[in-house]
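One chain, chain A, links the two complexes that follow: it is found with chain B in the first and with chain C in the second.
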Partner chain A sequence: MSRIPFYPPSGVYSDSYRKDMRIVKTGKQRLMAIAGLVFLAALPFIPGLNAPYHLRLLIGIGIAVIVALGLNILTGYCGQLNVGQSAFMMVGAFTSGMLNAYWGWPFWASVIPGGLAAAGVGVIFGIPSVRLKGLYLALTTLGAQIILTWIALYGVTVTSAGFTVEPVRLGGIVFNTPQKFYYVALAFTLGMALAAKNLMRSRLGRAFIAIRDNDRAAEGMGIDIFKYKLLAFAICTFYAGIGGALLVHYMMWAQLESFTLQDSVWYVAMIIVGGLGSIEGTIFGVIFITVLKELVLVVGPMAQETLSFLPIGAASGMMLVFIGSVAILFGVLEPRGMAHRWSLIKSFYRLWPFGY
Partner chain B sequence: MTLPGGDGPILTCEGIGLAFGRVQALLNMSFDVRRGEILSIIGPNGAGKTSVVNTITGFYRPQQGTIRFNGQDITGLPPHRVAKAGVARTFQNTELFAGLTVLDNLLAARHIFLRSNILSCAIYLGLAEREDIRARQVVEDIIDLLEMEAIRKQEVGTLPYGQRKRVELGRALALEPDLILLDEPTVGMNLEEKEDMVRFILDVSEEKGTTIVLVEHDMDIVMDISDRIVVFDFGVKIAEGPPAEIKKDERVIRAYLGEG
Partner chain C sequence: MTKARPFSVAITLATLLLPALAAAQAKDVVVGNISAMTGPTSGTHMMCQSGSRDYLNYLNETQGGIAGKSGKVKTRYLAYDSQYVATKAKDGFARLLDQGMVLWTQCASAHSDALISDYETAKVPLVTGSQGIASLFSDWAYGNYHSGIANMIRTWMLWQKAEWEKAGKPGGTLVLGTITTDEPFVPLALWEIDTFAKEQGIKLVKETFPKGTTDAAPQLLRLKDAGVRAIYVVASASGAVVALKSAKALNLNIPMTQCAAATLGDVIALGGPELAEGYQGEYFYEPMSKDPAKGGSAGLQLARDLWARNHPKETPNDMYVNGVLSGMVIAEGIRLALETTPPDKLTGEAIKKGLDQVKGFEGQGLTRPITYVKDDHIGSKQVRYWVVKKGFVEPVSDWMATTTYRIPKK
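Here is the complex of A and B:
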């Protein structure tokens, strides 16, 4: 077997490895990234796109991206199921909200504690993952959803009734409109997505994937799988907590109803459709499902009117079934999610016109 | 450099007993592995070869006996602690990280050498990146040694069987172990692949001075490259010695070699 020199001689090695490991590799990619950022930053001022309805949708997408990123780190990268993500989001939301409403902590001081509280609770519910796998672990996290909701409903008076939370402030600015809060959501979403991307390409991400792909071999290579599974739970639920903290300061109101089992299931659907184990895929999945859900809200009532012979609620019910089917179809036909399609398109584009 | 444990054996197994219910996989098993040697473990199917590898590396917990590595008692330590202590292994039924590339499989095994914490990993630029570049250099050297340059960016799930075995050896080497246990590294390979694997094992032994324990069914390979051989039968050690002696041993011929 002859040796093919793929890399320049040593000395420039470390430099070429650094280039090889970059997220943005080519000048064209850098240009696209900058253009994308400029567009996102300018969006609230672009007529036609800056309707409050659009901005609210985008804020919702941004917060959901953060929560779903956490879930994808745990489920997609580390292989541990979690169907209680919105309950952990609730822990962060109430922690941050109460610190603000009852102790007067500003958003900036209460957002990290919100994430940490969620992570603390998340780790406790992650402990069974040492022994439990797959569906059994899913049951534990389902238990988390039920127990945490029960505590918030019957255990704490404040959280069962809901309470007002102050908007985010910075300098003299109060971020109390969609147009202003959009920037808070954008900054957090980009920051958390970049952090997720970095975590997953570092030693942590490799340890998570190793555990997912082969936990025996991972142990044999010196990875403490118990410690790293718990760490995956901590990161996952930290993201959920940050998302929750953002949500209550955006709505300026904290309530139990924002964190249902149904929401948890949506997060699972988002990462399946987008692509398990993909940061970009998570974003695609959240956008896809959010837009579909929005369609239910719009098309549902319209269908109800035209097809008036149907019982009330049947049309929206059908739409839910429709979205569920889409998620299942993805699971069957494209198990690697939209992210995989995306990478196929990208490589096609890179090779064009010499593809195939 | 003085190693912990001095010039004595790098690994001592003393009176190991391991049972699964009524199956006695290992019985009063004792043997030493000397520093720098290639020691082969042979024996018929079900003799307990894989069991001894699993016991040394912490995957099985023995009911009796002690295992000392570099002077340290490692009996009953979990696998990841044994790996950190400097013992690496490959698996009889190749166990790779299927979704990762060859490069990332090897990088995953550099885990124990990387120190960057969760915050520096999240920021990446700086500490985590520098560490990864250093890890990458070590891993690329191993890729060179095992002649895997052409497949370094391929997902291991897509590789043919013989190459997966090679990746597994590379991943074990990435731990920079003092001792490496290879459980049937040439099983299912064609002649050419076997020759390559044998050459790599000898390279590792000579260039890195790594001590090697080899579980192997191919007698030509065993007789060719072993410094010493231990023979198992029904969980018991029935012979031990250099290849020339083992070839002549009555009990070995009856239990094992006789069939060929």
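Here is the complex of A and C:
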């Protein structure tokens, strides 16, 4: 790797499969990755960027990346639709939160059970995927959103009212401020993103892609469709559960309102805008949608005050029209998502100044 | 070069003098508001927000701000749209904190509990007009009315029991009914209500219909068959309209009362005065739906004037009065803080001390006396029932004490 300092226009020549599958192929890429990590680690200390509000946004982005990554593995890589991701997130959130609040389990002991509980429920709702596809499968996951919300609202007393959750602790450190929790979110986001990237380069990932592209052909090649579809559901919902567990320990509060159908739709929007079947695209999509939503939340009240001649609520509501329009425009102008735009930029950069 | 000199001198002087001028100017107190300005609950939250904003702006414009013995301050009102999502509310809180917020307000019930750790840590008091707040637990939260959403039905049941006893206890057993939608706040509103009913010797029959349905006749017929004397409606305005339409179609003739999740004004606006005729509801303030010809308190008149000035083309809304009342409590808290604290020292802690001294405050007659004491920031703990008559509301009960039940913490 170190022998190739930069990415040549002709591409990187690999003389083995192992080398060809490397994530970081050149010395320059490695340098940029290290620089990026150092920047992310130093961010809470950089004046101007380290305001609690900015760090909270970044933490929100990190958690959303984990949840959206799971969804992209299921939808983008394996081709199975899921419009109930926030409900699975809720399962992980309430499991981890209740283990902590009622049984005193620390975050580190309750986060994996949270993910596993979500995966268990996800597998149950994934069973119809063996016979159902496309919009019909989407309908069953919509059912999951409705059923799980109903259970949380009427079936379990504590989840309908909400409850306090202890912050993350490690030794003597209590991660109860955005400055501290940022590192927990960063570690989980990087770890889960790397795991997803590796998973998709493995035999499992290739099986998912084969199922997505043509499930009958995949079955003909000996891939156990039932097993792999359920595995995709399990991985997807495990990611959602981990995201949910992180969220409640970050908020130090578990509440039903954080896991709505609208959130599930936003997760779908994030992976579509970012690029289906792309880990980098997922991150881009989450950042893009989060920033766009934040603009609405910040600019809406300003518009409300400035355009006071409009009826109450009209100006802030107009911002939703804006966000909807941007989503439509994005779908029309770049249907392959931000990941495709990113690959075009990289190609241009590699070929410059000889690109044509 | 010579021509440029006066200009340079002016710039230098301005640079030197501006900070001094700014320091001499009274410090603005930043009041934050975190509400759902978009989304399904935005109608209620926006009205509440407009009320407090308009009242504080009115004080800035007409009286130059809020004055106490130690000085005078103007308020600066900053809002953040939470879309009724607790995570976003927390982001908004951090943002407003960065912008210098020392006091915050809202009518968003879910946010009150989810943000407890944030506002307690930041030492920023909350003045809430929320009618659906699960329970007021924090020492930093100041309410206008009751100790939590579960008290709405409890207070109504006690009122019904008193009326039933006055009527000579017809039937031997008091049978009451509830009709609810499946909205998220409903389980909180009915929290352990069967135990309460049993304690009071009341038989309570409960029925639910899904939000979005257009007919609640089967549920109402079951309540009628159970012999209920009165029905409590736990729903937002659209659900109430469905229940009322079904009741009218059935000629039910059983008194129905709306919980505070929606105002009678909302139901009149949505369903029309004819449909709402005879419908009852609760208010902890004097509502704007009261017939203007019948007068009102000075506070109500002020709320009406503020509405006319700021929203001349819109239909008056009761929740706006709730917001005005919150604005009044905020102003009173700041005023009391300014009695002992100079404007430049007006922190969240100082304002909390001011709020702790609020005593017998009626908001120019808008509500019953509000007194905050240690461990009790609930508010007036008084409610009054009203009934719709010819498109306006009029009182059907005197002011009465609310119950003080609290949904257990955690």
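Following the convention adopted for this analysis, the second predicted complex is superposed on the first by the 340 of 356 C-alpha atoms of A that agree within 3 Å, B and C clash if a C-alpha of one lies under 4 Å from a C-alpha of the other, contacts with A are read in each partner's own complex, and residues count from 1 in each chain.
Convention: a contact is a pair of C-beta atoms (placed from the backbone, for glycine too) under 8 Å apart; a residue touches a chain by one contact, two chains touch by 3 or more.
For clarity, every value in this text was computed on a predicted model and none was experimentally measured.
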First (chain B), second (chain C), both or neither touched by A:Ile225: first
Which superposed partner A:Gly36 touches (first chain B, second chain C, both, neither): neither
Which of chain B and chain C A:Leu199 touches, first, second, both or neither: first
Which of chain B and chain C A:Pro335 touches, first, second, both or neither: neither
Partner chain in contact with A:Gly155 - chain B first, chain C second, else both or neither: neither
Partner chain in contact with A:Asn214 - chain B first, chain C second, else both or neither: first
Chain B residues touching chain A - in the complex, by the definition given at the top: 57-59, 78-80, 83-84, 88-89, 91, 95-100, 104, 107-112, 114, 116, 118, 121-124, 128-129, 131-133, 136-137, 140, 144, 147, 149-150, 152, 171, 175
Chain C residues within the chain A interface of the complex: 37-38, 42-43, 46-47, 50, 78-88, 90-92, 94-95, 97-98, 110, 113-114, 116-117, 134, 182, 184, 187-188, 191, 310-311, 313-314, 407, 409-410
Residue ranges of chain A touching chain B (in the complex, touch as defined): 1, 3-4, 6-7, 13-14, 17-18, 21, 195, 198-199, 201-207, 209-210, 212-214, 216-225, 231, 235, 277
Residue ranges of chain A in contact with chain C within the complex: 51-53, 56-57, 60, 101, 150, 153-154, 157-158, 160-164, 176, 178, 247, 251-253, 255-258, 260, 263, 294, 296-298, 300-301, 304-305, 308, 311-313, 316-317, 319-320
